[in-house]
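The following pair of complexes shares a single chain, subunit A, combined with subunit B in the former and subunit C in the latter.
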Partner chain A sequence: MKVSSIISRCKKRIAVIIEDIELFLLYALLTAFIAGIVVASICGFDTAYIRPLLISAGVFTVICLLLRWPGWLVPVAMILGFGWYGVTALLMDSFAGQPDEAVFLEGFVVEVSERAENYFSQLAEQEASGYSFVMQCEDANGWQGRVMVVSSPVQPKVGDRLRVAGIVYKFTETYNFDLLPNNYLRNNNIAAAVRPVPDGITFIHLAGASPYALAQTVRERVFADMAALPDIQQALIRGMAFGDTGMLTGRQSSILQQTGIMHVFAVSGLHIGYIVLIGTAVMEFWRPKLRLPLWTGPLITAGLVVFFALVVGASPSVRRATVMALAALFCRGMGVRHRAGYALIIAAFILLLMEPLWIFQPGFLLSFAAAAGIVMGSFYLRQLIPSRVLAISLAAQLMTMPILAYFFSTVSLIGVLLSPLVVVAVGFVVILALLAMLLSFFGLAYIPLVGAGLLAELIYKVTEIFAALPNMFTYTVRPSVVVMVLYYVLLWIAYRCLKKAELITFAEEMRDYYGGSGYVRKN
Partner chain B sequence: MYVKTNDKSIPYKVIAAVCLIIAAGLLLLPAWIRNDRDFELTMLDIGQGDCFLIRADGHSILIDGGGQPADATEMAENVVLPYMRTLGIDELDIVFNTHPDNDHIGGLFAVIDEMPTKELCVYSGYADSEKQQKLLRLAEERAVSVSSAAAGQVFALSDDFTVTVLSPQAGEHYTEDSYNEGSLVLHIKYRELDVLLTGDLNGAEMMTATDGLDCADIDVLQMPHHGSSNNYNAEWYDNFAPQAVLVSVGRDNKYGHPGSDVIDYWQDRGIRIYRTDQDGACRIIYNDDTLSIHTVL
Partner chain C sequence: MPLSAQARELREQEHEKAMQRRRSFLLGRCIAGAIIVLLLSFGLGAKYSVYINGLPAEAVKIPGITAVADMSAPVSAGNIVVGLSGTVANKGYYSITPEVSMRDLLAFAGTVRDSDVSAIDFAHIPQHGDMYYVRALSDPLDISPWLQNDLQTSPADSDGQILTIEPVNINTAGLAQLMELPGIGEVKAQAIIDYRIEHNGFSYKEELLGVKGIGNKIYESIIDHITV
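Let's turn to the complex of A and B:
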C-alpha cells in the first residue's frame, strides 16, 4: 500500500473522529473534570478513596464505551478529576521531611526557575546569589515526588541528575482577610522546599545535548548580548519576548498591572502566533522551490513553535498557546477542519492532567480565560464594536476581569484601549527578539536588541503616562463566588443576545440582497 | 452609503450592552461603595514579624512591613500590598518603622517602592543601620518626605485620630544589639479608643516608655517583641487592663514566641490573646464607639 494512500485514509479517519466529538460534550467533560478537582480540594481529599475511585472510573469508562453513551463520560471525568487531585495531594503530603530536618534526595532537574513570580527564585537571589530549581526525586525513605531546592550555589540544567543533602525549609503559610492563603508550593505540585548544606549538591550525570540544551544556549546568548543595554530595557525585553519578569521592579509591575497590560509579559498566543506567521511565510516561500510535500510546512513550523517554547520556558500560558498552535498546525497538515474551541479545551485537559493544581493558579486561569474570550466572544462583540482589534481586546478583558479582581484586586478600565496599542507595538519587540535569537549564532544579536530596547522603553513610558491619568484603574474587594458566577451568567446572556443580533443582521442582509426593503439611501 | 430604518437587531444589542454594564458594575460597585468604618486596625498575618494597618477618618497609616529572614519583601509583595489594594488604599499617609530589624523593616522596601506614601517616620538614632539608610534613600528616590520621630511627638491626622510617640527619647543612640530597646512605641488614640503598639520594646525601656501614660485606659495592647518570654514583666503588665492583647508571630517559629509565661499571665486574667499564628490576621473595628474584634481563622 502506498504511503500517500495510508496518509489519506488516516486523514479521513481523523476528520471523522474530530467531527464526531461534540463541542458541548468536551465542555461538559472539562467542567466535570475541573469540578472533581475543586470538590476534592474543598472536601480535603482522603487517600483511602483513590483505589475505589479509579476502579469506578474504569468501570464507568467501559460501560459508556460499550453502550456508546457519551453522557456517562461526564461523571467519569468528575471522578477522574477527584482522583487525580487525590494522587497529587497524596504524593505531596507523604513527604516525610519536617522543617529544619536533614534530607537526602536524588533525582533529576525538571525546572530551573528564573521568574520573579516564583518568589522562591527571588528568595534565592536575595541570599548571596543563590539559584532555585525543581527536582523530580526520591528521598532516603523511598518517597518520590517534586521538591524545590532553594538558595543553591550552583544552577543546574534541566535533565541533570543530582544528589542533594539539605535542610527542609520552613514554608510560611499565612491567613489574611480577603486574600487567599499563601500556598505557592502546593499550587505548583511541590512537596517541600529544601536548602542545600554547603557542598551538599553532587552532580551524578549531566544532561546531554538536547533541543532543550540548545534552546537554553540561545536564551543565554541573547541575555548575554542584552547586558550592555540599560537595566529597564533589559527588564522589558526579557518580559515582553521571553516572559521573564524577574528584572522588573515592583513599581514597574504595579504600573503594568494597573494599566491592564501585564498580559504581554506572559509569553502566550501573541508570541506563538508570530512564530507561526514567520514559519508559515518562510515555508510557503521555500517549499515550492524545494518541491517538498504540503505537510512539511506545518511540520517545520510546529518544530519552530516547540523550540521557541523550550527557549521561553514552561509557564501555563506557554503550554496552553503551544498546544493550541500545534493543534491548528496538525489540522492544517492533515487537511482537516480546525476549531480553536476544541483546541482550547484539549489544551486545558492536557495541562490539568500534567498539573492538576494549576486550576487554582492565576496564570493558568488568566491564560485560558483570555483565550476563551477571544475564541468565543470577539466575533459577537463586533456587533457592538466594529473595530476587530478592539473587539478582541474587549473580549479578553471581559473574560479575565473577575479573575484579575479576585487575585489582584485590580480592575483596569484603560486596559481595553491601551491593550491593542501595546500588543501591536510589543509585536515588533518580539520580532526583533526573535531576530536576535537567530543572529545570536553569529554574535550579532546586539543589533536588533538595541531597537527592541528603545521600542520597549517607549512602550513603557507611554504606559506610565496612562497610569498617571485619573480613574484609569481601581482597586476593589475580592469578588465572592456568587458575584463571579453572576458576572459570567450576564456575560453569557450578552453573548447570546449578540449572537441573535448577528443572525438578524445576517438575515436582513440576505433579504435585502434578494430584493427586500429595509434600507434607504442616505443623501 | 446605506442606513437601516428598521433594524430588528438593536433591542438585542441594547440588552447585551446593558448586561455588560451591569456585569462590570458588579465588580466595580464594591470599590465605589465601600463600607468604611470609623476606625479599623488590622494586624496582618505576615509570619514572624510585625505589620499593622490602621484606617480612620479617611487616613491610612502602616506600622512596619514584616519581612522573612530569607526574603525581606516577599510578605509585603504577597500580603501587605495586596491587602491594602483590597481595601482600595492607593496612598498611605504615614509609614512608621518601629526599628530596623528585618522582620519589621524588610517589607517596607516594597511598600515605599510601590505604594504612594506621603511620609515615612523613623527614629534616627540607629547610627549603624544600613537597612534604615537604604530605606531612607529609597524614600528620597520616591519623593517620600522623611521625618524623625521621638518621644513626645504627636501626629494629628484628624481631630479624633492622633498618634503619639512615647519612646525612644530624642538623642538616644542604639546599636544593632540594642535596636529593640530603641523601638518606636506608639500610642494611637481615636475618640475613646486607645491602642498601644510596642514594637520589640524590652528591658527597662518598657517602664520608661509608658511613664506618664494612663495604662489603664489602653483598650488594645500589643505584646512587646512578639510576646517573648525574655520580655515577661508582670509588674508592667499589671498596669494594663486591655480588652484584647495582640501578638504577631509566625507558625512554629524557632524563637518560641510567644512565651508560655506571657500566655498564662493574660489567660489567668481572662483577657483574650489574639495571635496571628493561631487566628490568622486580626481586625479591630471601632464603629459608633463600639469595639469589635474579628479574626480570619
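Let's turn to the complex of A and C:
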C-alpha cells in the first residue's frame, strides 16, 4: 500500500471525524466530559491544578469563538470533567473528623435502610444493631457533604431534617474477601460513618407529603403484605422486583453470581422496560377512546417510570434505565427519531454530573457496560445468531465479563444460556409485583405476591441445579486495567474483522447524516 | 463543453450560499456549545466555593502555622502560640514556627474587606502569648490595641529578682538597643536612627511620632521606656 494512499485515507478519516464532531457536538462534549472524569479518577487531583485548568479552558473557549469552530470546546469539556471529579473528591476528602472524634452535623436524610439491623454491616467490622441512613449535611466547620449514620436507635424518613451528634466510626475492611477493600463509602460519595451518641439525634423538621413519600408507602405496604411468605420467597421477590438484596444469604448471593444472573437483582432496563411496555400498551388502548393527543401516552408512561424509580430507589442502574426510558419516551412524544446510543451518553453524563465518584462503582460500570453491549454490540451479533434473545444476552455478557472478573474475580460460563431464560421468567415476577403495588391500596397485594413468590423460588431452584453442574463458572485472577483495555480493543477488532469478511454490516453505514440542519456533508 | 458565464455565475452563487449556511451552522454550534460549557463552569465554580468555605483552618497551606485549642496548648520545641482576633477570617490560637513573620500570619489570618491593618507593625517579631487584634475600618481608633500579651514578664536576674528596664535614650541608643523596645523592629529602629541624623536628634519624646512607621499605638507602648 502506498504511503500517499495511506495519508489520503487518514485525511479522509480526520475529515469525517471533524464532520462528526460538528454534527454531534452535544454528544462529543458530553463524552469528553466523561473522559475527563475517567482521567481524573486515574491520575488523581490537587488544588494546584485548578488555576491552570481554568486558564486553559478559557483559552480554548476564546479560540473556539475566534475561529468559529466548535470542536475547540471538546478539550474544554474534558478539562471541566477533570475538575468536576477532582473538586468532588477534594470536597469529600476534606471532612475533618478523625476516627473516635466527636462531630456535630445538621442536614437532611437522603437514603435509609429498612432493616432493624445495620444494613451496612456487610461492610463493617462488627455487626452493630440499629438503623442506618445517609445524610446530606453540614458540620460545625461549614463542610458540606454526605455522612452515613450507623447504629441509629431511630429510623428517619427521606427528607427529614436532623441534627446529629456522634462519634466518627472508621470502616477498615470488608468481611467479604472477594471484594475490593474499603471502597463502599467512597464509591457512594459518603465521606464518613458516624455513630450517634445517646440522645444525639434531634429532629428539626419532618418530611411532608411528596411523590417520594407515596412511593415509599407503596413499597412498605407491599413488603408488609409479603411478610407471611417464606423468607426465601421474600428475599427473591425483594431482589427481583425492588432491587433489595439485603435478605439474600451469602450462599444465595454466591450462586446467583456464579451463574451470572445476579444482574436480574439490580433493577434496571429490564424492569423499566416492562413498565414502559405496560404503560404504552394501556395508553395505546385508552388514548384513542378518550380522544387524548398523541403526546399524552408517552407523558403518562414517563410518569409511571419515574414513580417506579422512586419505589425501588435510586441505584445507578435504576437512574440509568430511567433516563434512557425518559429520553425514548420524549422522542416518541415529540415525534422525532430516537437513538439509544445517544440516550446512553446522556444518561452517563447526567449520572456522573450528580455522582462523579460513581465512575468506578461496580454497579454503575456493569449497568452501563451491559447497556452499551446491548445497544451497540447486539446489532452485530443479531446478524450472526438467529435468536435475538441469545444475541442480546451474549452482547451484554461480552461487555460485562472483564468488569465482573475485576470486581468479583468470577467468570460465569453458563450465564449466556441461563440469562435469557431467567430474564423472561423474572418478567412475570416483575409484572406480578407491579400488580401487587396497585392492589396494595385495596389490601389485596397478597394474591399476586403468592404467585410471584412461587415463581421466584422455582427460578432459584433451576439456578441451583445449573450452579451444581461442573465447570459452570471459574474464579479468575483479577485482571489489570491494561488487560481489560486490551480485551475491549480485541473485541472491537473482532467486529472489524467480521465486517471485512462481510459477515456483518456496521451501524454507521446506515446512519442518516442529513438531519435538516442545512448542513451538507463534504465528499 | 465549457460552461457559459451564466451557468458559472449560478454555480458560484450556490457555492456561496452553501458556505454561508455552513458558517451559520458552525456559529450556532459554537454558541450552543459555549452555553453548555459556561453552565458547567458555573457549576464547577460553585462546587469549588463550597469546598473552600468548608475547609478547617489547618487545611490552609501556610507552612509552620497549625491551629491549637488555646494559649496553653502543648507545642513542639521552638514553636510559640499566638492568637488572632478581630476582623479576620481565621480567628483562634495558632502554633507557629520561628520563621513565621507577622506578614505570613496576617496572610494566613485572611483579612476581609473591612479589615484595617494600618496600625499593625509588620516588623514585629511574634512572641509567645501575643494576641493580635485586627480592627475594622468602622471601629473607633481606641477600640483595642492591635497587640496584647498577658504572658510576657520582664526577664529575671541570677538572684531571681525582676530587673527594671532602664529607659532607652533615643538620641544615643544603637540599633540593637532600640530593637529592645516593644513594637520596634529593625526597620523602625533604623527609621529612628535615620530621623535622628536628619534632624540632629530628638528634643522631645513626641518627635518620635514624626518617624515613619511609628504611630500613636506604638508611641504609647514605648513612651515609658524612652528618654531624650
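In this section, the second predicted complex is superposed on the first by the 413 of 523 C-alpha atoms of A that agree within 3 Å, B and C clash if a C-alpha of one lies under 4 Å from a C-alpha of the other, contacts with A are read in each partner's own complex, and residues count from 1 in each chain.
The definition used in the following text is that a residue touches a chain if its C-beta (ideal position, glycine included) is under 8 Å from a C-beta of that chain, and two chains touch if they have at least 3 such contacts.
Values in this document were obtained by computation on a predicted structure and should not be read as measured data.
Applying the stated contact rule after C-alpha superposition, one finds that A:K500 touches subunit B and leaves subunit C untouched.
With both structures placed on the common chain, the touch criterion links A:T61 to subunit C but leaves subunit B unconnected. Once the two complexes are overlaid on the shared chain, A:S5 sits clear of subunit B and of subunit C alike. One of subunit B and subunit C touches more residues of subunit A, and that partner is B. Looking at the shared chain after the overlay, A:N471 reaches neither subunit B nor subunit C. Judged by the touch definition given at the top, the superposed model places A:T410 against subunit B, while subunit C stays out of reach. Of the two partner chains placed around the shared chain by superposition, subunit B is the only one that A:L491 touches, whereas subunit C remains out of contact. Applying the stated touch rule to the two superposed structures, the overlap between the subunit B and subunit C interfaces on subunit A comprises residues 518-520. Subunit B makes touch with subunit A in their complex at residues 1-10, 12-13, 15-17, 19-20, 22-24, 26-28, 30-32, 34, 42, 44-48, 68, 70-75, 77-79, 82-90, 110, 113-114, 250-252, 254, 276, 280-281, 283, 294, 296-297.
Those residues of subunit A that touch subunit B in the complex are listed here as 99-100, 119, 122-123, 126-127, 150-151, 169-170, 172-179, 182, 249-251, 254, 383-384, 398, 401-402, 405, 408-411, 474-479, 483, 486-487, 490-491, 493-495, 497-498, 500-502, 504-505, 508, 518-522. Considering their complex, residues 18, 21-27, 29-30, 32-34, 36-37, 40-41, 43-44, 47-48, 50-51, 53-56, 58-59 of subunit C touch subunit A.
Contact residues of subunit A toward subunit C in the complex are 22, 25-26, 29, 33, 50, 54, 57, 61, 64-65, 68-70, 73, 76-77, 80, 83-84, 87-88, 90-91, 94, 96, 138-139, 141-145, 353, 517-520.
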